[in-house]
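Please find the structures below.
Paired with chain B in one complex and with chain C in the other, chain A is shared by the two complexes that follow.
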Partner chain A sequence: MHKLELKKVVKRFGEKVMAVNNANFFVDDGEFVSLLGPSGSGKTTTLRLIAGLEKADEGEISINGKIVNALSPSERDIAMVFQSYALYPHMSVYKNMAIPLEIRKVSKAKIKQRVTSIAEMLGIPNLLDRKPRELSGGQRQRVALGRALIREPNLFLLDEPLANLDAILRHRMRGELKSLFHHVHGTTIYVTHDQEEAIAMSDRVIVMNYGLIQQIGAPEEIYKRPINKFVALFVGTPQINIFEAKNAKSMSKVLSSQKLIALEKLLHKGKVEIGIRPENITIEKGPISGKVILTEPMGANILVSVEISLNSERIKIKSLVPNTMRVSEGDDVNLSLKESEMLFFLNEKRVEI
Partner chain B sequence: MAMQSVNPKHEKGYLLALIGFVSPIVVFFTIFQIYPLIKNVWFSFTNIHNNFTLNNFYAILTGSSFWQSTWITVKFSLISVSFEMVIGFIFALLLNQEFHGRKAVRTIFLIPWALPTAIMATGWKFMLQHSYGPIPWILYWLHITQSPPYFLSMPKMAFASIIMADIWKTVPFCALLLLAGLQAIPRDLYEAMEVDGAGWFFKLRKLTFPLMLPAITVTLTFRFLQAFGVFDLIWVLTNGGPGNATMALSPFIYQQTFNWLDVRAGAATAVITSIYIIGLVVVIWITRSYVGRRYATQ
Partner chain C sequence: MKKFFLYVGVILMIFFCLFPIYFLLLNSFEPTSVSYSSPPILYPVAFTFSNYIGVFKDISLGSYIVNSLIVSLSATAIALLIGSMAAFAIAKIKFKGSSTLLNLLLILGFFPAATMIFPLYEMFAKFHLLNNYLSLILPYTTMSIPLTVWVLSTYFGQIPGELYEAARVDGMSRFQAFYKIILPLGIPAASTVAILDFIACWNEFILALTFMTKENMRTITVGISMISGRFSYQYPWGEIIAGALIVTVPLVVIIFVAQEKIISGLTAGAVKG
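And now, the complex of A and B:
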């Protein structure tokens, strides 16, 4: 039995907008699963459907094997962290965290004990008397987490909890969150538009776009074997290089003869594109000559943009090289593309060749 | 010069323009607000020979009419404002729900409040009139009463009628102010509390009410000020009668000043009423900060 399961779930807004289109997935006990997608992809709506804040138009949502479509949010026994944190502005931090237990009529002594221990765990025991408006963004975020962690719900639902933090804090909290939810063995669904976050934190990632689930898989699978061009482009920084293979001849410098034959066959079926991530391209020696047009130092690495010409067409390719390399704009370089890491897309869908 | 931001060349013209724009309101305000106010206070502390005296106050405070009017005003304010706040709050909660045609309903809902009081009071007077008004006769025809009741000529009924008319007129105003307060509460707070397991009453008690305190205070202040100064409604509907049964403070001041031409008695009553109202505002705001603090320390 899965902890959470969605079967053919559909949510429409009005007549035309399919916010969630036939969502099927499950989450197992203790898993940390991300819903990843650009804004408007339906990920937050999916989360709200699970929470019961929106009602599904079609399909089944079950928690612990029990269909919960008709249950209100309060009956589903879930905890949610909102993007805005949704802290109660007139209540102290202590009270904010105590509310879920107070609603369940837990004794005052037990509430105190629980709030204190959660506050210790989150490193905010000194803030319990403060009001939300007296806290920094990061502190508010911890209080919101505390309010979710205060009880042991079926599911933790996190709606972009790091989106409103500054970059340094966001990076730090990423790791903290991961170990926190691992520590409490919570089943967690995490909505984010930040692919780095999803890849870094999750056991599995569900990529969505236009209300449709594109791919479900472990982070490295999503990264290495994206199911289509959208996922390939959306996941991974720096972004993957994708260029069209118009004919086999133009690719003769890029592909081995074996692959060229396969490509030839593929070209009869439709539009073929080749994708390769920047880290799989070297610029020291190789069959393709080009000119460096831009270098972007990224700390340990340098992202080098190179203009090459395949047959008569000029295309821009990005390569990620170690920062020990001396390279500057205007240099002539020779590219080599790692063929084993190439991805082939036929009509935007990835195919093995 | 002091005004550094102004080009010195233009300074004279600028000042002239300033004076030109501001003077009409200053003149208006002085003639129609400040002068009467000062004159009123002057009247209240002087006798007919323009000598200082406290006799005006003494006469009022030792007579029974003033105290009766005070009591009527307090009763009227407390009863009507309580009803208006409760009913207004319920309507605000209803109007805050999503439903088809909400905007239209909200607009129509405001009509009673938008009507000039004198006109709506005339309407009520007609409706409640004993010999031909629809309300007494409908009550009679439906056998709710044994004869068409006298609404405006029996002391208690007249008082109730005034309260009823005031509620009818002012509930939309309260509802609208409270609705604005309701809509200022972020929706995700409710969602968070729902997810945390709260039912509607818990949300009302722990979220809606405390976060509505500012809006409630403003509405209460407005309403008490208006109710304490009620004049036109009473003057049109009952003329303060029957007897003096509905003679609130403002009609009483009018009666003293313009019917009995006892300007100094009227002025003294007006001064005391002002003190009442200032006291009232202070009480409301002290209560508010006390209630607010109580919620804060929870």
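And now, the complex of A and C:
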């Protein structure tokens, strides 16, 4: 039995907008699963459907094997952290964290013990008497987490909890959140538009776009074997290089003869594109000559944009090289593309060749 | 120089607003003969408490005030109780026709009280409610609800939806979310609207005049209007003015006391996630 399961779930807004279109997935006990997608992809709506804040138009949502479509949010026994944190402004931090237990008529002594231990865990025991408006963004975020962690719900739902933090804090909280939810063995669904976050934190990632689930898989799988062009482009920084293979001849410098034959066959079926991630392209020795048009230092690496010509066509390709390499704009370079890491897309869908 | 004109303007404005009150205050402490002098005397001449003593001795101003308080406070409280729940439903719970309901309430609010006198009188007579506090509490409540709902639903609407949703996810029922989260955050708006409701009820005249025919059930507005009928030889300006001032004092006190509350409430309700 899965902890959470969605079967053919549909949510429409008005007549035309399909916010969530036939969502099917499950989450197992103790898993940390991300819903990843650009804004408007339906990820937050999916989360709200699970929480019961929206009602599904079709399909079944079940928690612990029990269908919960008709249950209100308070009956589903879930905890949610909102993007804006949604702390109760008129209550102290202590009260904010205690209230889910007070509602459930837990004894005062037990509440106190629980709040204290969660506050210790989050490193905010000194803030308990403050009001939310007296806290910094990071502190508010911890209180919101505390309010969720205070009980042991079926599911933790996190809606872009790091989006409002500054970059340094966001990076630090990523790791902290991951270990925190593993520590409490919580089943967690994490909504984010930040693919780095999803890749770094999750056991599995669900990629969505236009209300449709594109791919479900472990982070490496999503990264290395994206199901289509959208996922390939959306996941990974720097972004993957994708260029069209118009005919086999133009690709003769790029592909081995074996792959060229396969490509020829594919070209009969539709539009073929080749994708390769920047780290799989090396500069200096290689069969393809080009000119460096831009270099972007990225700390340990440099992102080098090279213009090459394949047959008569000029394309821009990005390569990620270690910062020990000396390249500058205007240099003539030779590229080599690692064939084993190439991805082939036929009509936007990835195919193996 | 610019400032000079500003200050002169402000002083003129204040003078313009406060002069009538000064004149009332002055005359309430003068014997009626002075009030009648022509041209009017704008400074204290003879000082007397007789007008104030008179309104309490000649007419039962005390019991009128009590009647008015009972009726106005009850109507305000009930309107606030019902109105806040209605406003919460309109602002935070999705249901069909919520905006229609709000507009309907607005239309009801425009209904002049005078048009309702006859049917209400018939009804109250039938239910033996005339000369009963309920005959004023009920219509006053009804008349207060539209404004209450409008002000509160707007205010509740501005409270972030995520707060209500968080409350629901945290395990609160709709009603718990209302009185534990939304209502405390709505205190500034609720106290403002309570004052407005109270003043409207306190000042109401025509229904009070019609439904409270017994002397001991009269409200303050009616009571003061009846002062003149008791004196045949001279119009008792002094006593009427004294009565009017006594009636106004509670309102001024309420506003001053509540102002503090409204301001502190506004800062407490700093609603930002």
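Rule of thumb we're sticking to: the second predicted complex is superposed on the first by the 353 of 353 C-alpha atoms of A that agree within 3 Å, B and C clash if a C-alpha of one lies under 4 Å from a C-alpha of the other, contacts with A are read in each partner's own complex, and residues count from 1 in each chain.
By our rule, a contact is a pair of C-beta atoms (placed from the backbone, for glycine too) under 8 Å apart; a residue touches a chain by one contact, two chains touch by 3 or more.
None of the values given here were measured: they were computed from a predicted structure.
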Quick check on the superposition: with chain A as the shared anchor, is it clash or fit for chain B versus chain C? clash
Quick one: is A:I353 in contact with chain B, with chain C, with both, or with neither? Answer first, second, both or neither. neither
After the superposition on A, what does A:K95 contact: first (chain B), second (chain C), both or neither? first
With the two complexes superposed on chain A, say which partner A:R133 touches: chain B (first), chain C (second), both, or neither. second
Check the residue A:A163 against both partner chains and state whether it touches chain B (first), chain C (second), both, or neither. neither
Could you tell me if A:R147 is touching chain B, chain C, both of them or neither one (first, second, both, neither)? both
In the overlay, answer first, second, both or neither for which of chain B and chain C A:A51 touches. both
Contact residues common to both interfaces of chain A (with chain B and with chain C): 51-53, 72-74, 77-80, 82, 84, 86, 88-90, 99-100, 103-104, 147, 157
Listed in rising order, the residues of chain A that touch chain C in the complex are 51-53, 72-74, 77-80, 82-90, 99-100, 103-104, 133, 140, 147, 157
Using the touch definition up top, name the residues of chain B that touch chain A in the complex. 186, 188-189, 191-199, 202, 206-207, 210-211, 295-296, 298
In their complex, what parts of chain A are in touch with chain B? 51-53, 72-74, 77-80, 82, 84, 86, 88-92, 95, 99-100, 103-104, 131, 147, 157
For the chain C and chain A complex, residues of the former touching the latter: 160, 162-163, 165-173, 176, 180-181, 184-185, 268-273
